[in-house]
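The structures come next, written out as structure tokens.
Two complexes, one shared chain (subunit A), two partners (subunit B, subunit C).
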Partner chain A sequence: MKAKISLRQTGILTVMCILANKLLLLPSLLFERTGVDGLISVAISFAVELILIPIFLKLKTKHPSLSFYEILKKYFGVIAVKTIFFALLVFMFMKAILTFGIVYVYFKQEIYQEEFLMLILVCMLPVLTHGVLSGLRTISRTMEFFFTVVLVGFFVCLLMSLFTSVTLPVFFVNSAGTIFSSAFKYFIVFDDFLFLFIIMDRVDIKQGQEKKFYFYVLLGMFMVLAMFFFFYAKYPVTAFMHDNALSDLLVFSVQFSAIGRLNIIAMITIMLITLFQMEIFCFGFCQCFENLLPKLNKKHAIALFDIVLSLIFLLFVGSHADIVEAAEGWFSIFAIGVFVVVFIVSLILCFVRRKDEEKD
Partner chain B sequence: MSNFLLKKINKIKNTLNQSSDVGDRIFKKNGQTLALVFLKSIINQDLLSSAVYFPLQTFEGTLTIDNINSSILKCADVKIIKEEEVVSEILNGKVVLFADFDGRIISIDLYKVPVRLPAEPPTSPVLQGPREGFVEDYQTNLTLLRRRIKSPNLVFNTMDIGLQSQTKVTVCYIKGIAKEEIVEKVVNKLKDIKIDGILDSYYVLSFLEERPNSLFKQIGNSEKPDIVCAKMLEGKVAIIVDNSPIVLTIPFIFIEDLQSSNDYYTNHHYSSFVRMIRLVGLLIAIVASGFYISLQLYHYNIIPLNFLVTIADTTQGLPFTPFLEILFIFLLFQILYEVSLRLPSYLGLATSVVGALILGDTGVKAGLISPPAVIIVALSKIALYTIPEQSSQITILQFLFIIIGGSLGLAGIIAGMVYIINYLNTIDSYGTPYLAPYSPRIPRDLHDAILATSPTQLRHRPRSFPNKNEVRR
Partner chain C sequence: MKKKIKSYLKNPMLLVLILVLIMFTPQGLYSPGQSRNVGVVVAIGFDSAPEGYEVSLLTFIPKANQTFKEVNSVISGKGDNIAQAVYNAQVALGRRVGLSHVQTTVISEDLMKENVPAIVDYLTRLAALSSSTIFIGTNGKAKEVLSLSSKLNDGIGLDLQQVVGFNSNRIFPAETSLEEFYKGYYGRTKSSLIGYLPVVEGEEEAQGAILAEGETAGGASLSDGGSEGEGGSKGGKEKAKYILNTGQSVLLKDGKMVHILSLEQINSINLLSDKTRGQIVRVDNAEVDGQKHDLSYRVREKMVKTTTKFENGYPVFQANIDLGMELMEINGEHHNLQVRSEFSKLTPEIISKIEHHFKQEFKEIVDIIKTNSADILGVTDLFFKQHRKEYLKYISNLSGEDEFINHVVFQLNFNIEPN
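This part shows the complex of A and B:
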């Protein structure tokens, strides 16, 4: 029997998923299109993706021990399930590329100030490989261990931004159309709850615990919205120039001569969050891979993931522009497509009953 | 003289390879012949004369095995044994008595070896609380435990391990508190040990670890009976090995090494503070040197300006890179440490003078190493001993983080930390997650983890490891 993870661990995993890709590049990209209304776009995206949570919980209650793959196979057949899981595999890989790309650009600009792709690959891939091979329980325990550090680091970054002049942002200066289109322009950055469907059978959420789970979902969303708010309050005019939002919150804060530049707090927080997000996406990728090709195992999946990710970055991706282009382009269109498919399919699964179930 | 008895004695002597410490005494009493065989090196010879030989010689009447066994001998432990047990009884410090009028054999316990008195163990000194420590004699160690827990549920299960050494290994637990599955698992693992000799508890430890090749300690140890008793009261199993003052405890979680017996004998607020200091010490010990290198090599803009200027001033003209400089000082410290461990104490002082004053000070003056680097490495080396039980593991981690910090910078250090925590999360010591109660989080156990609590609030046994009875009172 596969080891299950607790409600708290699932919640922490979800918070990490929600934070994914949103802490560095997204605020400035959204600001370019909609100004401070970027925050409204984020809220809209959250509201859209939040629809998946009650559906996930309903499915989980209905089939407490079955995986999403098994449920889909039972109701829709092998071809449909393989197609959906292939889409999820690609989606997980896209999220991983995006996360890695954003942190790569951040580290290149802010920390190492030189080319260091191999260096960050050497840092990340062994951790990902070990984490994924050790299993979901190990990954979630590690996240649980560091969760307090991440929370403290994150909120310290927000609070430190108050040590300079801040302006309360004035919202709704753009048209509703612009705000909505921005929300979907970067949908690849959202769409976080699909991961929960992939690990459905490994999650231990019992009936009556839904409220606690919602707490973690809302905590993650609150953290992102709070960061956007503080970022736009700090840079009401020049936010588009600050590509590394969480880190840049500390940049012009009072320099504590005794402590030194405090962006080390942001560095540690971002590095931890990024590693955990990569672990989540990498695990999601491997789980889909195992479902698609049952004759192969996790080792093959992780080897494929490591090789393809390294090759993509070594050969194709290198700059901030590449990442933005990918995120704005077919990555987001694909993300919307996967979201819609999973939403419809899961909705059907929630209400449809097979004849044998009716007899039961 | 009875040929029958002589043959028996010779047979035993041959079995023991005519060893020079095999002693025998044959004597006649009222026409009956008796023979005593023993190992002179491990029995109390005074007691042999006064409690065995003298009563037998002075007894008026007819000797029978039954009255020798029940009334004549003045010893506490006398029993009738089988012929095949004779050699093992002799090897365990018993005197074996043969008679020509009865085929039955009597074993008399006169075991006596030089024993050190319980004293304060050098590895765990305390300011307050009991100062007794375990000794090499396992019987004394059992006494120290029994003295503290006068419960009929305290169980000792002794077995002989080691083909040649036949070392006594005792599994101790409190029935009704310790989980039976764990006791059974430990006993089975001990029974499966195939080795010629057990010379210290470390030999047993290696066989009991679930992942013997891991860098990290998976079995607890202590030299103090009060600590071992406290752990048994939590539901753990203790293992006492003859000839070793170190007692093992199972299961083990990492947080145990951040706790000290002192914490339970002082104000719990102060204990919480001290435990936090130990945690900070642990972090400094592991990453300080690597972090300093990474700051100097990759992230010097993070360093406060005044400190950066000092570093720049002191490192100007050094022949080594920051990485090699720290590595050099680290190795120097490690060599001095190894030397000081092996030298007699009167030479140890001389080594400190040579190491700290001559090598350190002259190294700085000669422009080979910088003062901040010496301070950082010294700090990390001192911090190591906030958790002395883990010093060997932390030393290896220090070395690894120096290499990681020098080659990969801050990102490498954070990735390294996550990797280590990931790894520690894969370790389960007898069904206990290694990093409990923090991952997985077990809220009820948090009050006695990094934070300490008053004994009045310790109403439940920890949930972090399996035990049979969760309620203390």
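This part shows the complex of A and C:
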């Protein structure tokens, strides 16, 4: 029987998933399309993906010790489950590319000014690999340990913006159609709960603990929405010029004779969050890989992940433009497709009778 | 011992650490310090030049010394666009230009009359600035301001950022930064206000805080296909030049300079701001203790409540301003005057004169704003936020949003009390 992670660790993992790809570039991208109504687009996307949570909890209660793979295999057959898990594998890899790409450009702008891809790959990949190979309990315990640091760093970034001029944003300037379409334009950065399905059998959520789990989900969403609100309040007109939202909340105000380089707080927070998110996506990738090819193990999966990620960044991806073009194109269409499939399949599984009940 | 080493080496992270150390330590030890490769630029100036543009960089050169004296130098480069000029300056500097520490951006008046966003596009697009810089204009050459500012520290231990900081906190309605400029430019009214520090020649007795005195700095090397550097003062002394801080601001509309506002005009804008106080008001020929005197009052406390409404189809902006005035000075014969510093005498006559003064000055700034359709008071935004439907209906009958401010009726109601 596989070792399980506690409810608190699951909640923290979920918060990290929710924060993925939303703290830097997304606010300015959404602002370009819908202005400050980008906040509403994010809220709509959250509302849509939130429907997966009760389905996940229902499925978990119904099949407490089975994995999502095993459940799907039982009811839909091998081909269907392999297809779905292949899609999930690709999805996890896309999320990893987006996360790494955006943060790489951020650190390049803030610190290095020049390409330093080899340095970041050499420093990050071994840590990532070791974390994933150590298992889900190790990475979730690490996240649990640093969670307070991340929360404090995050809220310091938000609250520091109050020391500068902020104006209440004026919402609902755009039409409903524009706001709704914007919600799905970058859907690849959402779809935050699919990881829970992949680790379903490793999660220890007992009946009656759902409220606590919802607390973590809503905490993550609140953090993102609060960041969007503060960002648009600080930059109600020029938000499209600020590609690093969480960091630019701290800087871009002239504090005379004040402490400089406060963006180190944002950098450390983003660094920790990114590492945890990369571990999550890499673990999801490896888990899907193991399910697809049971004869191979996690070491093969992680080796493949490292090699393909390195090759993609060394050969293809270098700037924000590449990443954004992919994100607003087929990445998001694919993400919507995976979301719909998992939603439908899970919903069916919630209502269909358990096969062992039928035997009885 | 062997067993211990074997057990340590079984830990893969230790192997990775050793590998990383082997890979990067020699490179790190061999590489020179970044300060040798990167020039630390603390201020940047933009001027027009026959070739197109001249970019001046006030660079800080890290040097070992026993005093805490900063060694600064102004390096400039010319090119047909800003990027080329910066590149040429980089070549002249002999180091890569590091803009992460840029605190001040200066732009000359010539360029302010052109298209400011096009000039500073390089700074925003490159995103090498770690924070928003102070953004100021000057009458002459931005290069001169940078040269003189490097002498400020030597002379009176004051740097340009502190001077502009004083203006930003005490005088200007908003901070004079690149971010604020863009906020105005991309806003509804496309209007911005930035600080203005002129350089004057030989006017050491002129009104205003005279900050730095010096000849225009020579030694700025040019890089323009190997053209020779500009020398310092050759064959005779140039006239001394001074940075003059008179609290002026530049009004920009659509990214172009339209007006230079005086300190008094800025103070009129500040009338609507709760934060700015300390303005001095002079009341001439007012009766105190049976005699006529010239009095000076200071705005000690201020509370402003603004409302917007549409009245009879016209937009009305109403401001209720509560002022606490403190008597600062009484000029004239003092023989019959009881000098009591704790009493600020505010007779109805004095209150009326103070009110008249403020209204007169406010009318002057409103006229400037209306003439240039440059709403820097933020009235247009207020109407949009508070009365969106009526506002949109109103501007649908106008040629554009810019025209809205011309139709606004301003009403100021004062409540002046001694403080």
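Just so we're on the same page, the second predicted complex is superposed on the first by the 346 of 360 C-alpha atoms of A that agree within 3 Å, B and C clash if a C-alpha of one lies under 4 Å from a C-alpha of the other, contacts with A are read in each partner's own complex, and residues count from 1 in each chain.
Criterion: a contact is a pair of C-beta atoms (placed from the backbone, for glycine too) under 8 Å apart; a residue touches a chain by one contact, two chains touch by 3 or more.
From a predicted model like this one, the values you see are computed outputs, not experimental measurements.
In the superposition on chain A, contact is made by A:Glu144 with subunit B only, not with subunit C. In the superposed model, A:Thr238 lies in contact with subunit C only, and not with subunit B. In the superposition on chain A, contact of A:Cys123 is made with both subunit B and subunit C. Put subunit B and subunit C next to each other and count what each touches on subunit A; the higher total goes to B. Once chain A of one complex is fitted onto chain A of the other, the partner contacts of A:Leu50 are absent, as it touches neither subunit B nor subunit C.
In the superposition on chain A, A:Ile264 contacts subunit B only, with no contact to subunit C.
Of the two partner chains, subunit B is the only one touched by A:Phe107; subunit C is not.
In the superposition on chain A, no contact is made by A:Val166 with either subunit B or subunit C. On subunit A, the patch touched by subunit B and the patch touched by subunit C overlap at residues 119, 122-123, 126-127, 130, 257, 260-261, 263.
Residues of subunit A touching subunit B in their complex: 6, 8-9, 107, 111-112, 119-120, 122-124, 126-127, 130-131, 134, 137-139, 141-142, 144-146, 257-261, 263-264, 267-268, 271-272, 275-276.
If you check the complex, the residues on subunit B that touch subunit A are 298-299, 301-307, 408-412, 414-415, 418-419, 421-423, 425-426, 433, 435, 438-441. Put simply, subunit A touches subunit C in their complex at residues 109-110, 113, 119, 122-123, 126-127, 130, 165, 168, 170, 235-238, 241, 243, 251-254, 256-257, 260-261, 263. Taken in their complex, subunit C has these residues touching subunit A: 12-13, 16, 20, 23-24, 98, 100, 124, 127-128, 130-134, 161-162, 164-165, 168-169, 174-175, 177, 179, 182-183, 186-187, 384-385, 388.
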